[in-house]
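Look for subunit A in each of the two complexes below; its partner is subunit B in the first and subunit C in the second.
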Partner chain A sequence: MSSDCENQVKEPVVATAEARRAFESSAFACLEKEFGAVRSDKDSWGLTAVIAADKLRDSVLFLKNDPQFQMDMLVDIAGVDYLGFEDYAGPRFAVLYMFKSVYLPAHRLSLKVFVSEADLKVPTISDIYPIANWQEREVFDQFGVIFVGHPDLRRILNHVEFVGNPLRKDYPAHRRQWLSTNDYMLPVLEARLEAKGYKILSRSKEILPNEEEYLTGSIKK
Partner chain B sequence: MRVLAPNGEEKTLMALNIGPSHGATHGCLRYMTALDGENIVASVGEIGYLHRGFEKMAERGTWQQVIPFTDRLNYCSAMMNNFAYCHAVEQMLGIDLPERAKVLRVIVNELSRIADHFICVAAAAQDLGSTTGFFYMFDSREMIMVIWEKLTGARLTNSYGRIGGLYRDTYEGFENDVLAVCKQVGKNLHDLHACFDRNRIFLDRTVGIGVMPAKRAIEWGWTGPCLRACGVASDVRKDEPYYDYETYDWNVVTGTKGDVYDRLMVRLAEAEESVKIVQQALKRLQPGPVSVDDPRIRVPSHESAYQDMEALAGRFKTVFEGIRVPAGEYYSGSEVANGELGFTLVSDGSGKPWRVKVRPPCFTQFAAFHELVEGSLLADSIACLSSINIIAGELDR
Partner chain C sequence: MTAEAQESNFFTSKLDFVVNWGRKNSLWPFPYGTACCAIEFMSTESSRYDLSRIGSEYVRFTPRQSDVLAVEGTITYKQAPILKRIYEQLAEPKWVVCMGACATSGGVYDCYCTVPGIDNIIPVDVYIGGCPPRPESFFDAMFDLQNKIMDESYMKQRTERVKEQLEAIKAKTLECKAELAEFSHEKVNEIKAGVGDLKAAAIRKAEFWKENP
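This part shows the complex of A and B:
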């Protein structure tokens, strides 16, 4: 993508079926040649290229920077658990990356990375697309897939005390968990300050409600 | 906390928590700021307070049983979520809707868009201290709600969409009600512009606040009115048309700077464009079926089920076994009021979805919230928050 994108005016271009087909065949040819991608057998409605985990970062960088494709937006990251899927033999998990091009609307594709239950590791792309930071945290939270190199891999939708990964097929939907405390966000805030070049000299003390001097009555007990 | 700033100055910052139950956080989300006086030095957001496990629930029922859950995503425009989900499944099934169903979906979509944009701008006006603006907007929004009551029997969680069509046809007098709303929207917009366009307080609070450059917005995955406010004319309805959106005469509205003012004004201008689409769609509305005639997809009517053996069997099979969607994986995005609402569907060929992943538009917008507010005043963070229209229901799912 060119650097003068801020002043680039986008004219509405309608994605035709021919343009979509042309993009899919050229994009898949490139991915196959450069990164050994395999076309998924389940993508009757749009291109899904299966790619090895160690080739993921290179192929994502290629798709983003190549002037022919310009996949400048990471739309979504979705985890899938195939435990118990009919007639399925392969790694248990998969991570799907959906990309699109804002300026070339016919350009949409998905990359798929298989993750085995023993390994559970995928390289992060959060330095390439900033939004991948939160989207990868969500897949980590719901499936337990570890994104290697992620700067801040924490739970995002579920509570800090939550045990397990709720969207795995072997997590019972009716399980109840007792969660007691609120998230303590000061360490995250301090990390953000340090990322901006601030140096923490002394930390502020967390004051529990029963330690507040001006409070009286039942809360004091 | 005592910190050493990058310029070598030693400072005392205050950590201030905002939310999850704050009047301006529109539902429940939380962000924590480090304040230097009244200026935000750093901000971190946290979500998940309204996480109800939508995606886990969706895996437990049939494909049709997901539809009521989609109402609870963006509850300000529930029917658009129904249609976005149904559209994704219909694309996997490879079916085409009857003409009347398409036109009705366009009308309901655009009225929902008006209602959703008006809620966003009304809440923003309220957060900035203007109750007058709030009530101007809620005037025509209430008229739309009354149409929903008559059309679907519910105000908020309508569940009007069905895979392969609609729940039922419209009522008598629907066209006149919609025309009256179109008129009222124009009047309310006129009043609102009179209220805000030359209002010094409103302009001071919104112009140049929370600026997001277009390139950065794309990297953060922004879609919808927030991206268009940055000057990028990206709209799924124009780029990848569905429901014959390409045959209507309307324009994509864009802003110039990508500040709070642009984000609010783009929404108001989009409401005008939606009125144009609704007026054209009303002229196309011809009598006809509102659902596909296929007992494997759409439950046959009671009348035919009592008369016809195949319809009776179809009624049992679609309800108990569900619709058989071909096995595979597909991502489908639709333009809802907030941006691109995407559904990643994984089907194993049975009547139940294997995986339903929602791509909520405000997830990407709130992920970039710290970039909007860092360096501005604490009060401006409230203006930024209401301008990106966070709906916690779809943010946390």
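This part shows the complex of A and C:
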């Protein structure tokens, strides 16, 4: 392994088509053998492996830790809503995980997990890749997919009073929702001050956004 | 007075004119920059265009020290209460310049998350079109605002304010009077009921002593 690394440092690593094809076939063979992955025929550009939700964590850990693949970068997590998709029968939602390797540019693949509308649950990978924390929050916000085991599953883009998931196909794109209050930042601020060693003399009371007293003078119509 | 008026450093003018002249030549902007319009505002402020030529010398990043709220960029629904709050924190007199297509009408963001024009939230004095508008447009808007300020009347506004206050005081007085009347009625009724009870007790006592001398 160490001699391989030295060679890589000496020669620039180029993502040729052959290298990409070789990686795709070897990676898919491993995924198929160990986790029962199915290659998606919709992706004609690269490798997309469809995987069962309960095998997701194992396969991600395998791809990250295997010295042969070194998928050490999670590029993005995307949600897909197949409602109204032509010639499609299957679960309504899908979550796509896009991985690549920082040192081996030919190594890139995506994993796809189908999620049915009845059971919107996918295991979290935010403990494996810390960036997945926010990306999973975004998918949760826009599609309503629940990531089991996520430490802080809140909305990230839309405001707290938002009802519904705007990137679902059945959400009317022009339905606008007013926010009536400012974000209540003091608890977060106090926690940060405390972490820096400051002493909090009087703790602020958290006000819920639907409290009448707090809404006085706000823009709610 | 006549002797003072003959001094060389003495002049007469209208109060409105002096106040408006002072206001229009020291418009300090508060840049509420959320998008690329704010970049154009930076070049408006910097030396090539130099907004301080018309007295907008300082860009103040606190609403308490500025006169003009320059809203530059897309305002989302998550941002809207913050903008509203900052507008409310501006001290009177205050004006609002709405810069660019996004702030004026939502622009290309015709979707669930963008406010379709900040005039849904706060009153706007001058709109600037463009995506983003050039610094010349911002200057044009400031000149428009200056003209608008020269048309304002300080004394008239003051009279209106005093009138409003007077009406508010009158309304409050009426309310208090009604409250007092209601309260005193209640009290009188209470006392009357109490008097009835006392009377009955006295009669009972008298009857008792009549029967048992």
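Please note the rule applied: the second predicted complex is superposed on the first by the 173 of 221 C-alpha atoms of A that agree within 3 Å, B and C clash if a C-alpha of one lies under 4 Å from a C-alpha of the other, contacts with A are read in each partner's own complex, and residues count from 1 in each chain.
The definition used in the following text is that a contact is a pair of C-beta atoms (placed from the backbone, for glycine too) under 8 Å apart; a residue touches a chain by one contact, two chains touch by 3 or more.
The structure displayed is predicted, hence computed values, not measured ones.
*Asks:* Once the two complexes are aligned on chain A, which partner has more residues of subunit A within touching range, subunit B or subunit C?
*Replies:* Greater contact footprint in residues on subunit A: B.
*Asks:* Looking at A:F85 after the superposition, I want to know if it touches subunit B, subunit C, both of them or none. Which is it: first, second, both, neither?
*Replies:* The answer is first: A:F85 touches subunit B but not subunit C.
*Asks:* So in the superposed three-chain picture, is A:P130 touching just subunit B, just subunit C, both, or none of them (first/second/both/neither)?
*Replies:* first
*Asks:* Contacts for A:S44 in the overlay, against subunit B (first) and subunit C (second): which applies, first, second, both or neither?
*Replies:* first
*Asks:* Counting only touches as set out at the top, which of subunit B and subunit C does A:H174 meet: first, second, both, neither?
*Replies:* A:H174: touches subunit C, not subunit B.
*Asks:* Once chain A of both complexes is superposed, is A:H159 in touch with subunit B (first), subunit C (second), both, or neither?
*Replies:* A:H159 sits against subunit B and subunit C alike.
*Asks:* Counting contacts the way the document defines them, which residues of subunit A are shared by the two interfaces, the one with subunit B and the one with subunit C?
*Replies:* Subunit A residues touching both partners: 157-159, 166, 171, 173, 183.
*Asks:* Considering the complex alone, what residue numbers of subunit C touch subunit A?
*Replies:* 77-78, 80-82, 84-85, 88, 110-113, 115-116, 121
*Asks:* Quick check on the complex: what are the subunit A residues that touch subunit B?
*Replies:* 1, 5-6, 8-15, 40, 42-46, 48, 72-76, 78-81, 85-86, 96, 98, 100, 102, 105-106, 108, 110, 112, 129-131, 133-135, 142, 155-159, 166-167, 171, 173, 183, 185-186, 188-190, 192-193, 196-204
*Asks:* Applying the document's contact rule, which stretches of subunit B touch subunit A when the two form their complex?
*Replies:* 1-6, 10, 13, 15, 17, 30, 32-34, 41-44, 46-48, 51, 53, 55-57, 60, 91-92, 213-215, 218-221, 223, 227, 231-235, 238-241, 246, 252, 326-333, 340, 342, 344, 346, 348-350, 354-355, 357, 359, 363-364, 367-368, 370, 374, 396-397
*Asks:* In the complex of these two chains, what residues of subunit A are touching subunit C?
*Replies:* Subunit A residues touching subunit C: 157-159, 162, 166, 171-183, 217-219.
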